[in-house]
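Next up: some structures, all given as structure tokens.
Both complexes below contain subunit A, partnered by subunit B and then by subunit C.
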Partner chain A sequence: MPTNSGAHGENDATDNKTPGTNENETAAKVAGGAVNATGVSANVSDTNAKAAGSSADIGDSGVNTDAHDNSSVKASKNAAGSTDETLNAHVKGVSGGNASGVNGGKAGKGKKKGWIWAIVAAVVVVALIVAFVVIRGNQKVSDGMARMHKSDSVTVGLKLAPTNLDIRNQSGSSLDQVLVGNVYEGLVARDSNNKVVPGLAKSWEKNADGTSYTFHLNRGMNFSNGDKLDANDVAWSINELMTRHYHDSESLMNFKSVTATDADTVKLDLTAPYANLLWELACRPGLVFDKNANYDMKTQAVGSGPYTVAKFVPNDSITLKANPKYWGEHKAKTPTIVLRYFGDDNAAVNALKSGDVQVLAPVTENLAEPFVKDSEHYRVAAGDDTDKYVLAMNSKGVKTSDVRVRQAIRYAIGHKQLIASRGGADKPLGGPIPSLDPGYEDLTGLYPHNVDKAKALMKEADYTPDHPLELRLTYANTYGTELGDQLRSQLKPIGIDLKVNVVEFSTWLQDVLKNKDYDLSMVDHNESHDFSQWTQDSYYYNYSNQKVKEYYNYAMAASSDSQRDALLAKAARVVSEDAPADWLFNYRITTAMKAGVQGFPLNLNQTLLPLYNVRCMTTVK
Partner chain B sequence: MRFVIRRFLLFVVALLAISVVIFAALRILPGDVASVMAGLNAPPERVAQLRSQMGLDRPLVVQYFSWLGGLLQGNFGTSLLTGRSISSTVAMRASVTFPLIVLGLIVALAIGLTLGVVSTLATRPAVRSAFHFIAIVGGAIPALWGGLLLILLFGRGTGLLDVLPSQGFPEAGWGNFGSALASLVLPALTVGIIDGASLMRYTRSALGDVMNSGYMDQAMACGYTRRQAALKVGLRLATPQLVSVVGLMSAGMITGVMVIENLFALPGIGAGLVTDLGNRDLIAVQSELFMLAAFFLFVGFLVDLLHRFLDPRLKHAVQGGVQ
Partner chain C sequence: MTKSKSSSKFSIVLRLIWRRGEGKFALIVLASWVVVSLVSLVWTPQSLWATDGYHVWAKPSVAHWLGTDGTGADVFSWLMAGARTNLFIAILAVVFAGALGILLMSAMVSRNSALSNVSVVAVDALISIPTVLIALILAVPMGASVAVVIIACGIGYGLNLARIARPQALLAANSDYVGSALSYGASGFSVMLHHILPNAMPTIMVQLSLSAGTAVLAESGLTYLGFGVPSGVPSWGHSLATSVKFINVYPLTVLWPGLIVTIVVVALNVFGDVLRDAIDPVTNPELRRS
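Right, the complex of A and B next:
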């Protein structure tokens, strides 16, 4: 801390001055000491260099203030004068008008004791308050009778906090996590296996060539402010999205038009078939807003879901209250749900231990151990998610455009070892599509861990451990330093000297995502259905393969889901073979909760967290 | 009075200079709030659209003067990300940080002054070096580690004596006074113990100086014992120096408690500043830094005034100089 280093400096400065005082005789010391003391105080405050210069009168008033006997003061004044005659003039000039100084000094004497007492009193007061709080806290536990009881409120500890509530503009899965399905509802929804299920629309059909969808809405729907929700709100919301280019609007590909044919029917037309349409409508593009409501979307939310936002403290907490006007089947089981965000993993774990939160998602696996052991009071479980830890290798980079280098890196990485050191819950992933997304196929066999093969490939490319290839790995500091260290040591034996460059996320966005200035990059791509990244030449991967684009386009035009999935799987296989990246693992969320908590979703809960069913049963004594 | 005016003008000029430095330094940082807002999958056009919506595509000079214009009217601006007024956000965070600093200072003063005085008065070499040891060890404790240790000892649910909340601030804020205060006890102890140790060193050296000076001889010649002289004369003389140290310490604590706020999951100024900077919410960051700088300067200003109040010698020194 800065003050500490300051302390050393001050000590040195004052120590150096002390010997000077000792050289004077006793009487002269009075003045000498005064010079010294003021010299120090001027040093510290840096305010007035003059203070030290006119030291004689300073010494004089100092003595006046503190000494009892006037005669001794005079003696000392003379003594001070004898050391410096010019300053003596000041002494005389000032001593006449010094009465106030003396008075002030005498009044100060009473204060001195009071001052010490004040500190003692402050300590006692703090101690008393603490004791009071503690005793009161203990009392709470020991009243009431033993019975099962559903809590009125559940507090959930999360990690990534949304900065605002504007789901139409602000990116980030933390916003989807809180708002989608809880506060805002979509035309359709998705379940915990990432499959599309009815939402505001109870059913839908599409025409034969897949270019026109008709949605039949539920009846009697309304927003939390009491406004009716009908087909006009749906059409308006999607039209706004497309004309104003809100977040994720580009994922509604081939969009042509949307109209409300009557109050309960919405017709959506496409220019060409798009197989992901329904799934996209289950996410942000399908959310329905109140066209008649006027509110600040950054700080408030008016939706049709089972909860409303009662209070929002950016980066700290969100309080959800059950929506009394909720129209549907997903009625909130718990009246109040508080979402609290923890930047520090230890603080999060302490909050669960102390009972301040009842659920923690995610909990770092290594920190979850005490909860795993205490299975009587806690439950710890892992759920699937679509998080892909992608180690991108710049396909157009000077050093990484050589496919042999990229393949060697894939052979050299020990995925099992990486996963084990993180606790073992994550799954190996051999390609760009995770198990919860369409087109998944186990591709881990394409590049099995094989150091010899990696060495041979590197040798072909003219690199050996004695003549290594220097590569820079850039990733955001949110992922910790361990991953980089592990990769460095795994790549060293095959002749790669990895320089790990851990940066702030926004720097990563600038250097890697925008400027594509990197050799290797690592980031958690947590989005679902994001395979199209591999078909965009302009994306930071710098990857381009005509065959992949064709497969993908066919997949998106496919008339059945199975046809789409087969084509996507083919495309994913080609991408993985080309080795534009290594997929370190498919991150799985570990959730820890109190034994009485029920209905908390485990799968996908970092992007999709339906809370209506969450409740906490406690035994009240 | 003249001194106060001159000092105040200096304060204003310094603030202007600081506003330029803050604005320029933040513009050197890579990345911007628009790309943070747009996320990983957004096309570049979307980022450009957000930039122009937020006025980030205006020339820097225009941006600077529109910010400065706001400051002059007491308007610190609106955060681009949260959409809230920056002054109210800072006020909310300050309602955690300032009480924490005050409590921390009380702990630091209680520890630092008491031990400092006692260790100066101690005559036996063994006792003196024991105190010296305490001061060094106390000052050397990393805040994070000290905080964790306190949580392990006293944290509710985690500690040996599970009595105090180890994280979070009550939702009702100071409306729930008891638990708000309780939630600050461990953080304040963490800050206080460490700063108390360095304050102890300051007290020792300041008082030690006075002890070697002629004032003590004088006071003892008047019939005081050594201890009485130290407490009644010595402390009074050492006060101006200690006031400076405590002033700097309280200003420094704003950033010093940053780590502590994070560890105890308190929504304070430090934790907020780090988040805003990470999100490149530059309008928020520059206004927050500006407020912090103003606060630092203000504390300095206050310390100077206090000095003159506590140490009448300074006033006469200047008057003498003017005459």
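Right, the complex of A and C next:
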């Protein structure tokens, strides 16, 4: 019940913004950011729902204690009964054995006959033992020649489940994770370092001012239903995206037109240069669909990728089978891959332990400890991602508009300690751009951990531990209470009395994202290439700096990637210096897997999970 | 004079409870609960607000008697401080439930048939709403807070109490002595206070003591769901909720709060049972004699 209402509420919040957008791209991006988080929260409310079941008992017992007592008595009686039964069984077994022994003695009247039988029995036993040993010995010999065998099927445990497969309309990174690169392919693709690489197009060039791109497609491509894939499908897909405003269509900025100049060439024109175009085309906007196919996109998928969707069970699992008609180099190494979704972290860990899944991504770092210790059977590794844990400090808030307060908070936070408490895999991040995004620069030196400096700044602003500034930190309960508890204790000595307000994700969306009613907020901005949020005055940060906007606009109009990256880095530095937020850390995804699993992507695997290379090797005798 | 009389009655009841083994256990546990709560106001082995990211989930040591939690804070100190929150919640929930229960009970046995009929139906209908649901409804406007737990428990247990105490009260209300008291011109209020309430008191006391136990459980449950005690307020439910996610890896940190909740709830339930015997003149001859 809470699951449904919660999820609905959030979808509404995002949907409201996505199509009906008067608020320009801002709203669109907000929606995008919110969407990813939405998935997370839906999951948590899942666990809540489960928990609700258990606590309903508490409520019931509160209402009717007698019933509760009775049931518990019953339970204990049952337990007693069962132990009795096992005891009885034991006794029976023993007595049975005795009885047969006695009978045997009675039966063996003639002593000679008994001896013969005893000898025969002994011989048989010895023979059996010898045979067993010999067979075992042979096995050992064959063990010596054991070969690694590739399993036909690998099961992967994931966290966020898609509700349907309609990648053109349904938001949420869980769909990108499953379908992009596995079932559907894009005009271009991105590699595990978030760099654009060839996809359906083997090469491309752009004109001097960056307003026209020409893509040269691979030859002999086809969809899983056998249809040919050529430039017409590409142009049709992108035109459909733009005219029907499918999900993420707004990220193809400055779009003018796309045409198939011949069967292998596609020309895309822009009204003005847009430096992120290729990267966006590597995501949803660049996906190519079969123009002539007719199928229900919510439950089926016809793409050109190495896998096809064989079975889809909403919120539970997706079964992928190798596409027999696959045209390209990424041929599936494992015939069947099953993706199973676990809302509950502990259930996921147990599934890996019991062998129900061979891979778990992500796994909470602290929960992965048993797997880390058992390195003979499991492998645990962390991959880079673009998740930024942003502690936003309302730049127009009554208490946080004072830059000294914001700077003091940045000096006071011990990022390394926060990271250590989470297990140590995450990376410190000093600014708005993570290492896998263009424009990254290590900015952790701007506000190093320095409590004295923080105290001095707070004192200047007239706050001390005896006369503290009361601030409210609002964040969604998906992130647990630990971070808030730690921040409260880290900010206490500099004269900040932090009230931690852990709320439902929908409340966060309403209060912080929409109404901007907050002092401090924390959320995981997991999207890549999302720097533009710092250039939008209407975003919940309440941050506005003309210089940042100029740098960003120049960067988007840059003619080369290196020029773009340099400008973005400059903009990011200015943002970080202004201290509209503190970047707690760059979350890295921990993946746990059985020792024999190979080729599972670690970087970015919550949004980009190419499975063609995944295989599980087991030893066979 | 009445005071000394009532205090002597109190000591008789207490003595009888103490004389029984389970009563001794209950009294010791409840007394320690109160003492620990008071001590935690002025002293805990470690500061509640000291976190240490480098030593999270530490094993028990001299500095941290029960180890540390996911923020590096001292588990023992948090459990000590949690005692006071849970005590506060239990007491207020019981007071609230008692007041509501007695009020409803009075209405249910009222001579005004319209009032009694309506209240009987209302209580029967309302009792079907689980405490958790009441808490959820309250949590929407109020957010997670101690008040949500207290009010939800108070309403839930108050209704329950009224229904359970009603037969006893009805028996007294229909008795000859109440009839004669009324014929002497005693007011309904005075009859309630001097005749009906004392008769229903043993049932009410026992029910309230059981409610206190359930309130402790409800706090843990609601806090686990995120509708109970807010972040930053120490409570046993908070200690459970923050560690239960890691039960596979650090089972000990879940064990301690779980153990304490169990012991306290058992003590309260046992206390209720023993109290029933001790408070009832039928089963307590000493009380009869005094």
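Worth a mention:
Note that in this section the second predicted complex is superposed on the first by the 473 of 621 C-alpha atoms of A that agree within 3 Å, B and C clash if a C-alpha of one lies under 4 Å from a C-alpha of the other, contacts with A are read in each partner's own complex, and residues count from 1 in each chain.
In the analysis below, a contact is a pair of C-beta atoms (placed from the backbone, for glycine too) under 8 Å apart; a residue touches a chain by one contact, two chains touch by 3 or more.
Predicted model only: the values in this text are computed from it and were never measured.
Touch criterion not met for A:K459: it reaches neither subunit B nor subunit C. With both structures placed on the common chain, the touch criterion links A:N346 to subunit B and to subunit C. In the superposition on chain A, A:K321 contacts neither subunit B nor subunit C. In the superposition on chain A, no contact is made by A:R472 with either subunit B or subunit C. The partner of subunit A that touches more of its residues, comparing subunit B with subunit C, is B. Once the two complexes are overlaid on the shared chain, A:K291 sits clear of subunit B and of subunit C alike. Looking at the shared chain after the overlay, A:K492 reaches subunit C, while subunit B stays out of its contact range. For the contact definition in use here, the residues of subunit A common to its subunit B contact set and its subunit C contact set are 48, 51, 54, 58-59, 61-63, 65, 346, 350, 504.
Within the complex, the subunit A residues that touch subunit B are 1-4, 6-7, 10-11, 14-15, 17-18, 21-22, 24, 26-34, 36-38, 40-41, 44-45, 47-48, 50-51, 53-54, 57-59, 61-63, 65-69, 72, 76, 90, 93-94, 100-101, 104-105, 108-109, 112, 116, 119-120, 122-123, 126, 129-130, 132-134, 136-137, 161, 163-164, 166, 169-172, 245, 247-248, 250-251, 296, 298-299, 311, 313-317, 319, 338, 340, 342-344, 346-348, 350-351, 353-356, 504-511, 513-514, 523, 525, 527, 530, 533, 538. Of all residues in subunit A, those touching subunit C in their complex are 48, 51-52, 54-56, 58-65, 345-346, 349-350, 364, 366-367, 369-370, 414, 416-421, 477, 480-482, 484-486, 488-490, 492, 499-504. By the touch criterion stated above, subunit C contacts subunit A in their complex at residues 49-54, 56-57, 70-73, 127, 130-133, 143-144, 153, 156-157, 159-160, 207, 210-211, 214-215, 217-218, 220-222, 224-226, 230-232, 238, 241-242, 245-249. Every residue of subunit B that touches subunit A in the complex is listed here, in rising order: 29-32, 35-47, 49-50, 81-84, 89, 92, 103, 106-107, 109-110, 113-114, 139-140, 143, 148, 151, 155-158, 162-168, 171, 178-179, 181-182, 185, 194-195, 198, 201-202, 205-206, 208-210, 212-215, 217-219, 221-223, 231-233, 235-238, 240-241, 244-245, 248-249, 252, 255-256, 262-265, 267, 271-272, 275, 278-281, 303-304, 307, 311-314, 316-318, 320-321, 323.
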